[in-house]
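Got a structure here, written out as structure tokens. Questions coming.
Chain lettering (A, B, C, D and E) follows the sequence in which the chains are written, and residue indices restart at 1 in each chain.
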């Protein structure tokens, strides 16, 4: 019974990881940007959801009406104002530091605005749950999971099937060539970043439904998310999703024998195993860079 | 709190009319910021009460408060600065065991008296500090003493058989839970779950699943605040109903009831302080505190205030308050005397460990009341706990 | 016998890049390796220099088996190469680029006079000495191509593998490079050159190997290759 | 026109060239002369420091590549600019990014597949996995997806085998015949000048000599300096 | 000529810096300033150690904080559990961490670019988990108390450690300089630029990276261990913090990673700035904002660091314009060559 319950919990958790990791994958796989600040924005979105619920009394889910466009715009702004200034040759490395700086700034501002106190959305249905086959599923967790699935599929379709998706990928791989084909690379890259950040808005809302938030919480998320995108194969959205589900499940199951803290190490063990046996990631290949 | 600059007035000898500067570092941001701010209020309330009465030794009391960002490296630098650069006359402690230990070492090495409001875990008293005094009735491991006695005194058929423990990985939180665990195990209550989680844990569903699956009679949470709430909500989601549930600090928080959907009845918590406690100075404290801050003091505020009271008693008795020789006099006096405070009379052993016990509170009818020990109880002990 | 491969095979997913390439290059000669786009020449170089591992087959150099050895070991065994898509160290100056090819050795300073003089002389021979202090990323395509060539020559490998050295190089300069290759060859260096510029290939090489679909289809001196029908059909497109 | 990179000294120092519609102008010159720079300025990738870019009588100086495309100017870069991590299909179709007419696109696709077999063969594989020459072919095919008024080609034949080179030159001629103005940079200078109508020798960022292509080809002095042949009289320098 | 004057300039700068570092303790008005000096020197050693990897090979590690933490804990545990004398423990700890860096490096250095950064972050997080959870050995969240090596008053203690850190800094800088001017160093730099190419030129890239990573880990561990002996209280949360690691990167970048004294300059700047932010915004989380903004400004506007930026400035004042374009035509070149033959 405990096993089945844990599997369910792992599944639900994995869904959330998948959504968040795919946002990271988007920046990286497509834009070669390591976005350390992703989870900071995640927490920011969660704070906004909490704040609107607390002040205006709207359901956190409704906050997405505001946060998703807001984050999209913020993403476009970040990309157009800051990231474009980095030299292409050192983009990956410098982006780590730049987004790290952004993360610190967001954390500091959150702390300034909302203090370091832990916050939690209190909903009428916070503790509601229903039973299937003897295990219980909390309503809030299910909502978060559904949100994740919708956002994730949308993302996949957008990247693979739309003109925009193509233009975005072209832009990243050879900016000059893309410009010469008539692609407005500035705008496209901006939108790409905006979409990535919009996933953080959705994820943050989902997160706010069932956990506590505090400004420095984003550190807690960076590790597992980074591990997931490496295990899933940097740049592969389906890979990230698969890795997230597997690792989320593993974490949940390992908690039974090992306890919370040690169970978290599964992400890093998986990370190192990936590097040792399949550096390009377990769920998606990458080009050999040599020629 | 606009306080003394960096002038470092070196001749703050007694008898002069210079203020007595008390240096404090507190976690005003970071992990411990909430209780840290509570302690700050306690200190400020104390300084105001003292100053309103004409100060200590005829000198005004001035607080110099730094923020250590809940960071152990910072807290050391802060006390280093307070003692070395700002030349404060006295220092008192920060919040939380994790910060108390390193800062007490700085004070010790500069031969300063170090009374502290929140280093409750037993580790604090194992460092060989000679100048440290914990200004509260009991150390963490003894918080549940009354509860343990009560449970083990229950008739055999009512007595719980199994217990689950979930404690934050923090010396204080673990200290409380394990103090009880030790006693219950000795009394024959079997431990079925024993979980430790890191301070930053936000997802408690895994731990809750284990606790729920074990169907333990007693649940003991070694919690600070939010982790306790999260654990309870996760348990509610899984439909687990213990017969008895006790959490350190969390249930005393004013937000607690709302956070868990008001299903509080029966939840237990130890406390070192009660607003209604009959001690002489307490009435004054509650009154003045309310006037100053517009709310009633909680345990953290009381701890800060108590610390002030202890220091004040020593200063008054020794007749001095500055760095150097004087500090030794203060320390010696505290080692051999008893101090009356808002949490009752306090006295210490050689390691600075206080010699009292905590009371046990319980949520009854949407209010938290003292239920143990029997001689000071405000309400009857509810057992078994109703569903949440 | 110097550089030789036996039944070298390499497939990438469905594409067979090398399909049992058995080749024997002539030591002390200028060898050319030609073939249509995608016939496996670069892949062949990559396998020989250890940049990728062949699926099967053997690479030998002076009777030593080099199959699957790390690239730097192969380089130290005396095989130097250039890349088709030229690869320079972008943020190092031309001089440093060339110096980087000096056999490495511990903490000894690289700023010895003779090293620098040698490096400068290579830059001069390739007509880019005026760029010695410019960073490689500021150079035109052809300049980088020449710089890369200077780098590999600096290492003084016994056998030099060049992947399209003429790509993007000015024809006037190319004449000089051709002469240079002959000179170096006269000093005893072996060359294997991948090139599509037939004028260059025909004028400087002693021995030509023609690849098609991952395996040699013809080999021989230029005069023979020029009139080989398979070559004409598969490669020259006449 | 004057142009340069960053704070460095100018690369182009008073250079002008005009390309009539329906003609091929071939730009040759030593490595680092500034040929690519001319094309980058004309294609809108680099802003000139001084001087003007005029298309069909309209001053378009300072326009970005997107606007230039709007004015009918299309540039194919030197080196390799395929989108490595996208399939050949995606690469080719992106060539028609500005087109909306599905039928026309389909026609074009069929056409490029026919003239470059590799495009058809490797339609679904990632472009970055193709050999150097294959990538170049895909790139050229990509540029054939639109019908610009002015085409700027930077060494389109580099790395191509003789067959593909012929195909490329055929296409260039076809474009000219269709009334397009072609500005071609080539190091395969003799071949290029044979195809071109006008030739222009660029050195040190200036026009050195220009004139009908055949005439340049016949000039023995140019041959030695730029095409491989005998030297011309030196031009004084500042 | 410009070379000689440059050398004199650099020489005086070094002499001044050394002198400033040496006289600082006697000028420090109180033990607090002295202890801040110790911290800054500690940062300087750490940033210089980081720069062995970051500066030469271009692999940016956000995980060096963890190596310092390991050094600290190893030293502490060797003193407490094994009863080794303090400085013997320090030496053994540095060797242990260097040894541990071999497998760590083998795993981490297999991947390049972004993956390496991620691995380095993971290193910190996993060590944090281990040191927190394995309480029976490490003391867990209770922390570890490292006994003092000398029986000195606190100000004297600071002074002694100040000089110890200064010595360590001198050794680290010297080692960096030796590598910088060596062939080994050039090999490392070529890895930074293009790893495959370097390998094709015969550089044993993996071994080189590993060696320099181990050297870097050793110095980092020494700094961490010395810090443990100085500070006395170790807590996993602060020993294994990404923030520490990122401060090192900030310092090195700010000063200039290609420059011998870049990290030292960065450490002095950032160390002072951190103190300043603390004093100014100490009671709000705005110090994080200040750090973040500073880092962003450096990355955006001075990606090569302060020292190179100053160098550029000096160069711009110098009128002689350099250009990469050839100043003679092909014809003239042909003439010259003919004359030379």
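Quick note on the criterion: contacts are C-beta pairs under 8 Å (C-beta built on N, C-alpha and C of every residue); 3 or more make two chains touch, one makes a residue touch a chain.
Fair warning: this is a prediction, and the values are worked out from it, not measured in the lab.
A.B. asks: Please report the minimal path length, in steps, between chain B and chain C on the chain touch graph.
C.D. replies: The fewest steps needed to get from chain B to chain C is 2.
A.B. asks: Consider the two chain pairs C-E and A-D; indicate the one with the greater count of contacting C-beta pairs.
C.D. replies: Looking at A-D and C-E side by side, C-E shows more C-beta contacts.
A.B. asks: Please work out the Cα centroid separation of chain A and chain C, and write it as a whole number of Å.
C.D. replies: Chain A and chain C have C-alpha centres separated by 46 Å.
A.B. asks: Cα centroid separation between chain A and chain B, in whole Å?
C.D. replies: 38
A.B. asks: Which chain D residues reach two or more other chains?
C.D. replies: Residues 8, 30, 32, 129, 132, 224-226 of chain D each touch two or more of the other chains.
A.B. asks: Would you please write down the residue numbers of chain C that are in contact with two or more other chains?
C.D. replies: In chain C, the residues touching two or more other chains are 42, 51, 83-85, 90-91, 127, 131, 138-139, 172.
A.B. asks: Chain B: which residues touch two or more other chains?
C.D. replies: Residues 29, 169, 196, 198 of chain B each touch two or more of the other chains.
A.B. asks: Mind pulling up the chain D residues that touch chain A in the complex?
C.D. replies: 43-45, 64-66, 69-70, 74-77, 81-86, 90, 93-95, 97-98, 126, 128-129, 132, 142
A.B. asks: Residue numbers of chain A touching chain E in their complex, please.
C.D. replies: These residues of chain A touch chain E: 28, 32, 34, 82, 85-87, 90, 92-94, 96-98, 100-112, 116, 215, 219, 222-223, 226-227, 229-230, 234, 259, 261-262, 264-265, 267-268, 271-272, 275-276, 279, 289-290.
A.B. asks: Chain E touches which residues of chain B in the complex?
C.D. replies: Residues of chain B touching chain E: 8, 28-29, 65-67, 69, 71-74, 76-77, 80-81, 83-85, 98, 101-102, 105-106, 109-110, 121, 123, 127, 169-171, 174, 196, 198-199.
A.B. asks: Under the touch definition given earlier, write down the residues of chain E that touch chain B in their complex.
C.D. replies: 29-33, 35-36, 39, 129, 132-133, 135, 140-143, 145, 153-155, 157, 231-233, 235, 237-238, 278, 282-285, 287
A.B. asks: Chain C touches which residues of chain E in the complex?
C.D. replies: Touching chain C: residues 178-179, 181-187, 189-190, 192-194, 196-206, 322, 324, 326-327, 330, 333 of chain E.
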